[in-house]
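Two complexes are shown next, each including chain A; its partner changes from chain B in the first to chain C in the second.
So, the complex of A and B:
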């Protein structure tokens, strides 16, 4: 490769031709760096995403080719399919409870830990640990901890005087709260780390100035910490919302959507429809809806954040 | 100093001490909530099957049944599962680190038309859930005959946008002057990547490697979808076998033992490289 890729001052003669050759050169070089990743990325992510939209407008069984049926899948989805409605509702339920709960828990932990104290490092490790361990292992363990009769959780509840502790994963009312508890348990350490990183960027002088002005701990939290953390909070909210809307493996391992359909979420409905029932066209239509929900949520949050910054 | 000023100071000190006590109480409660499931998992892996559920709860097994850790190798496909998981995690990590850092160099240091649009495309897909495009992807893999082979998982994981994103964030912190003077010294772009950027980005590579290894090790949905023959399973799919077993209750001990075996390597890696995990998350998280 030549070494004249970027020259400080091009020679005065015939600069235009020289420049376009340089540009061509750079394009080639740029692509040579990107290609090894891009080819795999395009083939396995980009192309499937594009194909998805076409498949959602077809009928496609386990065998044979997709057959064009227009918006039929979407009509069925929004007007006749009760399972989809249940799944959408359950997903919203999970999101609406899990998102604020995790946000508050992780921010609270981060604020508590953001000081010089003994044991902080140990605690950070402990909090982050659930997030990096296998979801199958922890979901199975929690499942057994939740067992209604002999599980440790209900034994502890009985010890504290709860006579009729909930049936958790075998009760259609309590299965979702059980899943949410595990979801929050698993993720709060991760978001705590993000908040801790955010807290460390807040200048100490701001707190000192607030203290001089007579602000108490609570008022310092609301008037210094919360506004300064806005970028982090924004990012965490986006991640949490999208993560909640696409929740799947946790539900898959803990309850498989049951009992009944009480924890059936959108992702699981897609999976069932496609790989258990071989109805790939219809499943793709549900995928498009999931995709659209995630996209819209992200855009709304970007928009809200931009307005708040003004 | 008068008595009047001494009293509020003593009161303040007392309040500080109480505050500290409350703080530690909160943190200890939270730590218990976070760690008890792991403790229960470990203790149950050393119990007889019929000792897992007892009233009252036994946190420490009556007799330690170490044989669970011997039996699991003969009574299940654990050795195959561990081997497969290891192969996948290592290959995926290597591919992701190599192609990701290479592409990141192109995105951060070479100016060419269409570059920024292309990068935006990369970033946009991070927000798209895998569940949304798993169907077309599955059909493509099926038509290539890759279902039920480890290749499917390698392809699935190795070319994600995450590695490109993380490495680009890091390269952006390395001053351009360095590459500039290397160019004047006659180094090609490939030379700059290999001799300057790679050595300087060792911490970022460590972060990316650890995160990728752990993600691939823990991945459940991909392997669950693609791997069908028990000898092709990864440890996560294998664990589910214990749970799905019709005579489930007789397998409790092995189930917990399997869980410990799937968590242990990750725990060790995490303890050893904690700093890199945190940094990796901070660089990708905070600038997103």
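So, the complex of A and C:
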């Protein structure tokens, strides 16, 4: 495409016609390949998103015609809705802790398992297991483990002399940390896989050269592995941030936002407003805000990444 | 090639338009439909036998394990040979969402079952339900629960089923502990005293089990406290004494803690059926479950009975008074978009579902009808495995059942806020006053 700009003096008329016909032909062919996917995307994602923006400015109970109310949903959201404020704070809390924790844990796992040792394949598979296990089963088992009186976690804590172990999922202070632990445990295997793929692309010679120059293991990690992994790290950071901001299933099956509203996150609030209270207009307004937050965070990450690339 | 692309673009545009139509369409049609059967009188429970054949569709859920829809349909079809009723099955857990989707697409069945009274307001706002005031006002006086479906004086559904909460007790555990079984005279304080006495004498078993649902506590406080106003959004301090009592029972070990119930996913069927607790407040739907589970061995076999639910104070206790309890009915409404030729048959069907005949048919399969009559009670207590003592019969047949979700435009938002208060208080995360204050201010900002 960009060749058009630097094309030299216009060639004689007939060949150009033929060439432009050829290009048109090729473009159409390209489109026809993309079309099946794009039609699906447009019908199931793009058009609904456009509708979402419209619905966010209306009052709509999913039945009948939406009633235009302008920015009223957003006014309520930012001035009166205390639950939204709590949900926003909880979501940021989850993201700020869960994102770096998962990043470090998955990178650590990847580095550990990126060596030729007996059973590496087994351990890689084991680390990936939580990601492919049903979230409902995960929540059930972790809830049992977190159980304040009979759960194994608190029994171990008591064994080590902690007299008043936390109530985990039934304590408003500890419910969010409990959810974060499970979220990290569940997702680190997936991001480990991405990091492993990234590690495979780092040339051996770099490590050899560094070793020859006298760099120790720690120094090789910081000065070879980390910089060479930057594209992967960037991708993982973006995906993790968006994923954390959108967290829903885990919270929903583990705590349903409770106790009180201590683990209520934005996605759950959207669900609650739309499907429990039947206010699809307001739910759409919250979705638009979540969309905007994710967009801004991603743009910042792109900007930081581009600066680092220079 | 060009042609193909054009075709694809057209397809794309059509797909987009369809999506738009699907989202915005349904209700639009509804609002232009004249309220079909306003002119037709439909209060009779049967249709003229010489009439044209009519096929009605009826919404139901989990048909395999919920035979009530088929029972009602069969009983009606037996009496009205020209009407055929076809069941449309929905998933029980997502019934509200699936029905909403069908309504939006203009696909909902002719007769819409109201599973949760909470959803009614949204459906009525969306113009989905026919005004059936004529049917409901013609129902006999012994039908209860219609008030749950009344918005601004208009009835939108007729109740066919009305469960209400009673106190289940394990007579064997009571005699083992040497505690007198409930006699119908209990207030909640008597209940708490008995729970503690039972726990002290049962060695490891609990005196009472209170399931983790919000309604298990708030439903009673709401129904029984004089002046309690759920929809008003002003004052929820009436919940406090109920919470104080239950927190005390939790701390003293007389009932399982909320934390253990939620994290270990305890089921009320397991706790009562396996004799982990000696008594439990639960909806009357549990009667049929317990009978089945005792027969199959899933529950232990022990002697059990039902007593009226403990009361707020002694003014409503004793078998010469009418105990106050709560429960939401299940009802049948009519799709506002129904073909006008079917309205008479549909109205006849929903009236039939709230009749003595339907009540007896339901009672035989262990379902409590919204109709209370001696015949219905007799049929209900003819089930094998049901306790037949006088107090159990009294508990099932005599009660003032208040709605769990009285109709109010903000009921769903109010219940959400009070639900948060429930989990905060029961888990001990928040003091009772703080949690109630937060819920109240949330509700006020929501309503305001």
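To be clear about the criterion, the second predicted complex is superposed on the first by the 268 of 310 C-alpha atoms of A that agree within 3 Å, B and C clash if a C-alpha of one lies under 4 Å from a C-alpha of the other, contacts with A are read in each partner's own complex, and residues count from 1 in each chain.
Here is the rule we use: contacts are C-beta pairs under 8 Å (C-beta built on N, C-alpha and C of every residue); 3 or more make two chains touch, one makes a residue touch a chain.
Note that this is a predicted model, so its numbers are computed, not measured.
Enquirer: If chain A is used to align the two complexes, do chain B and chain C fit next to each other or clash?
Expert: Here chain B and chain C cannot both sit on chain A without a clash.
Enquirer: Regarding the shared-chain residue A:48, is it in contact with chain B (first), chain C (second), both, or neither?
Expert: A:48 sits against chain B and chain C alike.
Enquirer: Touching A:33, do we find chain B (first), chain C (second), both, or neither?
Expert: Touch status of A:33: first partner only.
Enquirer: Using the touch definition from the top, say if A:295 reaches chain B (first), chain C (second), both or neither.
Expert: After superposition on chain A, A:295 lies in contact with chain B alone.
Enquirer: I want to verify the contact counts: of chain B and chain C, which reaches more residues of chain A?
Expert: When the residues of chain A touched by each partner are counted, B comes out ahead.
Enquirer: Between chain B and chain C, whom does A:144 touch in the aligned arrangement: first, second, both, or neither?
Expert: In the superposition, A:144 contacts both chain B and chain C.
Enquirer: With both complexes overlaid on chain A, does A:258 touch chain B (first), chain C (second), both or neither?
Expert: second
Enquirer: Does the superposition put A:109 against chain B (first), chain C (second), both, or neither?
Expert: So A:109 only meets chain B here.
Enquirer: Kindly classify A:277 by the partners it touches after superposition: chain B alone (first), chain C alone (second), both, or neither?
Expert: second
Enquirer: So in the superposed three-chain picture, is A:308 touching just chain B, just chain C, both, or none of them (first/second/both/neither)?
Expert: Once the two structures are laid over each other on A, A:308 reaches no partner at all.
Enquirer: Between 80-88, 152-160, 260-268 or 296-304, work out which stretch of chain C sticks into chain B after superposition.
Expert: For chain C, the listed stretch overlapping chain B after superposition is 260-268.
Enquirer: Once the complexes are superposed, what residues of chain A are shared between the chain B interface and the chain C interface?
Expert: After superposing on chain A, chain A residues 29, 31-32, 38-39, 43, 47-48, 51, 140, 143-144, 147, 149-151, 275 contact both chain B and chain C.
Enquirer: Which chain C residues qualify as touching chain A in the complex?
Expert: By the definition above, chain C touches chain A via 1-2, 4-5, 8, 11-12, 15-16, 18-20, 23-24, 26-28, 30-31, 96-97, 100, 103-104, 119, 121-123, 125-128, 257-260, 262-265, 412-413, 416, 420-421, 423-424, 426-430, 435, 438, 441-442, 445, 448.
Enquirer: Would you tell me which residues of chain B are touching chain A in their complex?
Expert: Of all residues in chain B, those touching chain A are 23-24, 26-27, 30-31, 33-35, 37-38, 40-41, 44, 52-57, 98-100, 102-103, 105-107, 110-113, 115, 118, 121-122, 125, 127-140, 155-156, 158-161, 163-164, 180, 183, 186-190, 193, 214, 217-218, 220-221, 224-225, 235-236, 239-240, 242-243, 252, 255-256, 258-260, 262-263, 266-267, 270-271, 274, 277-278, 281-282, 285-286, 288.
Enquirer: If we count contacts the way the header does, which residues on chain A are in touch with chain C in the complex?
Expert: By the definition above, chain A touches chain C via 25, 28-29, 31-32, 35, 38-39, 42-43, 47-48, 51, 61-66, 80-83, 140, 143-144, 146-151, 167-173, 256-262, 264, 272, 275-278.
Enquirer: Once bound in the complex, which stretches of chain A touch chain B?
Expert: 1-3, 5-6, 23, 26-27, 29-34, 36-41, 43-49, 51-52, 55, 109, 112-113, 117, 119, 122-123, 125-130, 132-138, 140-145, 147, 149-152, 155-156, 185, 189-190, 193-194, 197-198, 231-232, 235, 242, 245-246, 248-249, 252-253, 267, 270-271, 274-275, 280, 283-284, 287-288, 290-291, 294-295, 298
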